Amino acid sequence: MSVPKAAAPKGAVNKGRAEQLYASLSNTRQCTLSLARPLSDEDQVVQSMDDASPAKWHLAHTTWFFEAFLLSQFNERYKLFNEDFLYCFNSYYEGKGTRHPRSSRGLLTRPSATDVRAYRAHVDEALEKFFKTGSLNDEVLDIIELGINHEQQHQELLLTDILSLFASQPLRPAYTQAALSAADRFHAPGAVANDGGIVEIGHQGAGFSYDNEGPRHEVLLRPFTLTDRCVTKGEWLEFMADGGYERHEHWLSDGWAMVRQEGWRAPLYWENHEGEWRQMTLTGMRPLDPAAPVAHISYYEADAFARWAGKRLPTEFEWEIASQGLSETGRTLGSNALRPSPVGEANQNLQQMFGDVWEWTQSHYSPYPGYSQPEGAVGEYNGKFMCGQFVLKGASCVTPDGHSRATYRNFFYPHQRWQFTGLRLADN
Amino acid sequence: MSVPKAAAPKGAVNKGRAEQLYASLSNTRQCTLSLARPLSDEDQVVQSMDDASPAKWHLAHTTWFFEAFLLSQFNERYKLFNEDFLYCFNSYYEGKGTRHPRSSRGLLTRPSATDVRAYRAHVDEALEKFFKTGSLNDEVLDIIELGINHEQQHQELLLTDILSLFASQPLRPAYTQAALSAADRFHAPGAVANDGGIVEIGHQGAGFSYDNEGPRHEVLLRPFTLTDRCVTKGEWLEFMADGGYERHEHWLSDGWAMVRQEGWRAPLYWENHEGEWRQMTLTGMRPLDPAAPVAHISYYEADAFARWAGKRLPTEFEWEIASQGLSETGRTLGSNALRPSPVGEANQNLQQMFGDVWEWTQSHYSPYPGYSQPEGAVGEYNGKFMCGQFVLKGASCVTPDGHSRATYRNFFYPHQRWQFTGLRLADN
Amino acid sequence: MSVPKAAAPKGAVNKGRAEQLYASLSNTRQCTLSLARPLSDEDQVVQSMDDASPAKWHLAHTTWFFEAFLLSQFNERYKLFNEDFLYCFNSYYEGKGTRHPRSSRGLLTRPSATDVRAYRAHVDEALEKFFKTGSLNDEVLDIIELGINHEQQHQELLLTDILSLFASQPLRPAYTQAALSAADRFHAPGAVANDGGIVEIGHQGAGFSYDNEGPRHEVLLRPFTLTDRCVTKGEWLEFMADGGYERHEHWLSDGWAMVRQEGWRAPLYWENHEGEWRQMTLTGMRPLDPAAPVAHISYYEADAFARWAGKRLPTEFEWEIASQGLSETGRTLGSNALRPSPVGEANQNLQQMFGDVWEWTQSHYSPYPGYSQPEGAVGEYNGKFMCGQFVLKGASCVTPDGHSRATYRNFFYPHQRWQFTGLRLADN
Amino acid sequence: MSVPKAAAPKGAVNKGRAEQLYASLSNTRQCTLSLARPLSDEDQVVQSMDDASPAKWHLAHTTWFFEAFLLSQFNERYKLFNEDFLYCFNSYYEGKGTRHPRSSRGLLTRPSATDVRAYRAHVDEALEKFFKTGSLNDEVLDIIELGINHEQQHQELLLTDILSLFASQPLRPAYTQAALSAADRFHAPGAVANDGGIVEIGHQGAGFSYDNEGPRHEVLLRPFTLTDRCVTKGEWLEFMADGGYERHEHWLSDGWAMVRQEGWRAPLYWENHEGEWRQMTLTGMRPLDPAAPVAHISYYEADAFARWAGKRLPTEFEWEIASQGLSETGRTLGSNALRPSPVGEANQNLQQMFGDVWEWTQSHYSPYPGYSQPEGAVGEYNGKFMCGQFVLKGASCVTPDGHSRATYRNFFYPHQRWQFTGLRLADN
């Protein structure tokens, strides 16, 4: 986590920043609750697979973060809501003691959803008091800011995990009934060129960022182009029709092994009903929208598609540089679509960069030159995952508004498909 | 399922039997609901392991049975509550079409627990009407009687599955707070002798029984003795202290492999807290009661204990013959203990035969001579499981009252431990 | 192992028996070597699957038996060939110390096949000397007799394991080129009736037997019939053509799970080449011989076939009683066929009882009443396997001549298929 | 594969190059045979684990390469030695038809080792003739050169795979008895600095290289230092003594999971005998040589060691640039050591760069900018493996002499340890 270069010394109270953060914190905490509102208590307790977590767990874990890293560290009078929760709702912080095994999160019928809501209220109240009476120096505010961003990440996970759960049930329930405009046609992909050269990559200056976004450093790029929009479901159908999932020559060796082992024939959540493809979404089972970006594909599939198309995936550096000057907003959670939306008209610009789907890059998730992992449990946030994963850029239709930026580095394993992951093509 | 030799022809209405069955049905249906009452909706949705099912699933599946085998077969005007439920709540009846996979029962957050309660009410109402207006011949009454017994079996499973779930949670919640008398001392085991000879085994005559309890047939037995009570937890501690779980010579080859693979060191649900053994029960975590029968042991453990003690397990035939003349009642569900109770004083008789714990026998679960599996989906009830399992006799502390008899054949795989399973020793 | 009731006291020298045993020993040891002769050293080192062992391992392990249980116990001057071999070639005798893991037997390129042959020569020489100078009392002779029978069992395993290895190789090599008469037609199965009643089962009196064949005891049987010959491959093709492997109603629950998991569509070693079924045999890939007994089927398949045919499998007691008065010989290893031979003409008698294929019975492999396992490592021979397996009676085309008898109890798990296992039908 | 910019047109005969290549080819083919000479036929047939292959398979597969890609393509009169071999000895070339599964390579007792030697002779003879009479244009010579390099890679694998096999056997046999000088002391690591800047990376110009070494391109590097020698076993003992394998904070998340799952406590092949560490080597079981480079460590271990030491692993670019101007020779296969040798005296230079152990870099194995995979089966050589693996630089004590260069990119998965893999530290 890099922090704003505060004019005031680290230990001093920073009142303006505090007020701003408190507004953001309240908003984020409320938003999480409202995301859980369409869910029954039963929906919130179950874990669909090892990669996913129950909604209740997300609600509790994001609260645990503030209790473990802030309230019990900086507030002597803070009383733990329940000591057992420290064990139940730790995720992967080895430095924070033993923890409930990840694959057993779905067994926790107790504490109940009601208990977890009370836990949230208890911590929210303590946070409110803390803002009134605590010593709000930058060390403390940094942790709060990290906690807000941490909770925003879990908001996205809560939704992707619910989709995974609902898609695994015979009734295929809808999370919400929100309607969505559809479109049949999409413009042919255009190419936006970039000259490359020596460019600056990574975060610097004011504003929040994660530790993995720095240090800012120079990178040498060759000239490249990016397509002006994401690959659509209509294009993906062409790939499938051309034997995309049957021809080994498009695939990485590990990807081809996965195709055969898992029997992949289409993106995750696509189902074939008597010859017609439909897709399970947060708004229930739907006909495919050919003009919308394809989502729920693995890195292996993105890479295979790019080879089939005679192109390649961009590097994370190319994507970041190409996004310079663009508004860092798009169809994210606030748009209320909850699934990728149809492409707009061609307009010579890069579209869909910060919304709709996270975009796979060919960049392995590695430390930037000069990166060093922070000490202590907070240091486990990013650095220890820098092996075997790939960087995704942008944001998705379920990313909280404001929770992305050009330097943001999302990362997943190449076989994972349950996030809203898609692709954009690059060329030399 | 064998049925009473009714004087009236099969198709005729049997009014006395119908009245009796309706009372039993109402009682059973009510009892299931009351067993679920201490559970939250969250408790009811989760599946702790493949062998277990969620409580909600038990509530729905026992209802499905009446809908699938009775109402939709014999009541033209019956309207299905919800067509999807046919798929969701079939268990293993291949003859009844496709079904939701067993290991995914815990994913079903929808239909909700509320929906399932409504489903029960819908079917209960239809059953009530059916008793008033339907053609209550013996074919129909046989199915109802089977449905009652089927639901009683699931009442026991509901409790054992909840224990499995609660034992897997860090908070180790109690299903109920019911107190229980404890005792420290237990009388030395006595031996009750039997002469053997040619004996009759299996069910015959009036009263319900499952198909696997017949045909009644002759078996030749040698003289034998049974101990007058079950093996206690105190005795099991002696076995453990004598290296019972460390010395291969007591164990079957498959059992020894399981001990090493699973790291078994004590019965299931026993936990060692700083040198003292405690046990997770339906009334929460408790100190061991040395005078109560050991429970939650596998066949492998029962067999190893018997070898260590210089004895053997009884055959199912020995057990059945020895129980002749005894009352078929004991500490079952109505006693409200929910865990095995301390042994009484020695009194020259066989104690604890029909209650406390199911008793492993050395008899492989095989068809009786002349057995033939009934046709159709109901025929899948018993016969297809006659491979690799062992017969247990008696009843347990969570068996519904009246749901056992001398000829009853319970059966489980030799590695399974989550039922209330114990043992009694035999000798030549 | 039960032993002849010798007139002489246990410790006394029994010269006649000794001479007889030495001849049998020499013959058996030679026979093992000659079975390995068609194999290269490479063929002898590889293990095709966990259930099978390398030929070299069989050669060494049968030698180890004499070293571990006889020479190093009863011959003070005996010098171990190589101390490491004690570890390398122990099979499952927990009482004989640690041992090389079963699944890693195929890694042992050292000791070499040449070393193993030298090991055999070393032990053979020591055995010869021992017969000349040792104290040949009955305790010692019992061990030698057990060693001979043990080695005969491994002769059969050596051949079945080589078939498994050769069938797993792309070149499908033949172990031998021996020709074999074939036949297209087979007589319709006849039924041989038996009255049942109280019968005596198990071994008694002179002649070798394993411990699991006793004690001899009375069993009560109902009248039954057995078909006069084994089920043929031609009949198996009818079962397949009638959807035998696709219709769940014929199958045990565990068997049906195995069919779907493993994709079974025919017996092991059957391969379909462009619509025609062939079979891999010890004489290479061959057309199916419809008149020969089907082999390489699991218990599950045998049971399913019997249900499909409207019959059942015999119990081990029925088989044993029905075989009384028959010659205990047949098409075994000495016949040199190395695969089951066509059925002869119908002649009112039971044919193919002691040869061609081992016949599955419906009897779970359990101890006889009064059985108790011998003490020490030799006691691990049989008793500890009495769980989850089924008894097979008779002998197969690769059983050494003289290595079967009416009371013999072979046993395998219900899913195992790599032995020469077939079936005969029973009826009430 | 990039090829020398030949002055002559592609189709023209290149006599000088042909002569040189033939000498190299003969030498390489001879060398492979001589590496197999200390092995029995039994040693050559067995596969110790999925990652490894039998020696016989290496001998055959390297021969298959010339048959499949050269002789059967460019020599009309060439007669296949045996059509089955095409299937048996294909490795992973999906474009070359079906192939024997990798994990079953150890089942191939047939073809025999003798057959494989005859196969080699047959192909060698055909190659000799081809050099005399064939049309030796550059297309053909490129394939031959690739075949030579391919075979050299398999020479190294043959030795690492034999070490894996011998280490898995209870007798721990030695591949060779060659003695080796040992040393107890090693100089403290020095640091060699480099200024970085815009540098050229990748192969260009004359001389063989693999396709993955290009295109040559510019990279921007920051100043860095490398230690002047590899990390030694003595230093690794310090890491272990300091709890290196017990403290999660040094480890990548995936690495820590592997440590716990596999129970790693030391490098592969280290064994603790009563408190003293020894190591299994190609010269048998040996005391640890503290002055020699540590080998047989995974990427996870290399990374954890570097963090523990307060350093990091170099990037592949740093390593390549630092090696400029150094001789590309070192303790490789020709030195006959067969295990890493003790460090020399400090001398201000980088030592052990091209020999002793392959050095893990922090660089994910990715395509260079502008890389495109060649068409056809030869194109499967490198590109399809560019996911999830890490680049290693240098060479090892079992790399054939001349088979490395500054631009060489070796690659393995981060959990793999059976190669001679070590590390050198970097710092900013």
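By written order: A, B, C and D. Residues from 1 in each chain.
One rule holds in what follows: a contact is a pair of C-beta atoms (placed from the backbone, for glycine too) under 8 Å apart; a residue touches a chain by one contact, two chains touch by 3 or more.
Since we're looking at a predicted model, the values are computed, not measured.
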{"item": "Furthest chain, CA centroid comparison against chain C", "value": "A"}
{"item": "Geometric centre distance via CA averages, chain D-chain A, whole Å", "value": "38"}
{"item": "Cα-centroid distance, chain B relative to chain D, in whole angstrom", "value": "60"}
{"item": "Between chain B and chain A, distance of the C-alpha-averaged centres to the nearest whole Å", "value": "47"}
{"item": "Two or more partner chains touched - positions in chain C", "value": "none"}
{"item": "Every chain pair meeting the contact rule", "value": "A-B, A-D, B-C, C-D"}
{"item": "Contact set on chain B toward chain C in their complex", "value": "92, 94-95, 198, 217-220, 222, 248-249, 251-256, 299-300, 303, 362-364, 366-367, 369-370, 384-388, 414, 428"}
{"item": "Contact footprint of chain B on chain A as seen in their complex", "value": "40-46, 48, 84, 87-88, 100, 104, 106-113, 165-166, 168-171, 173"}
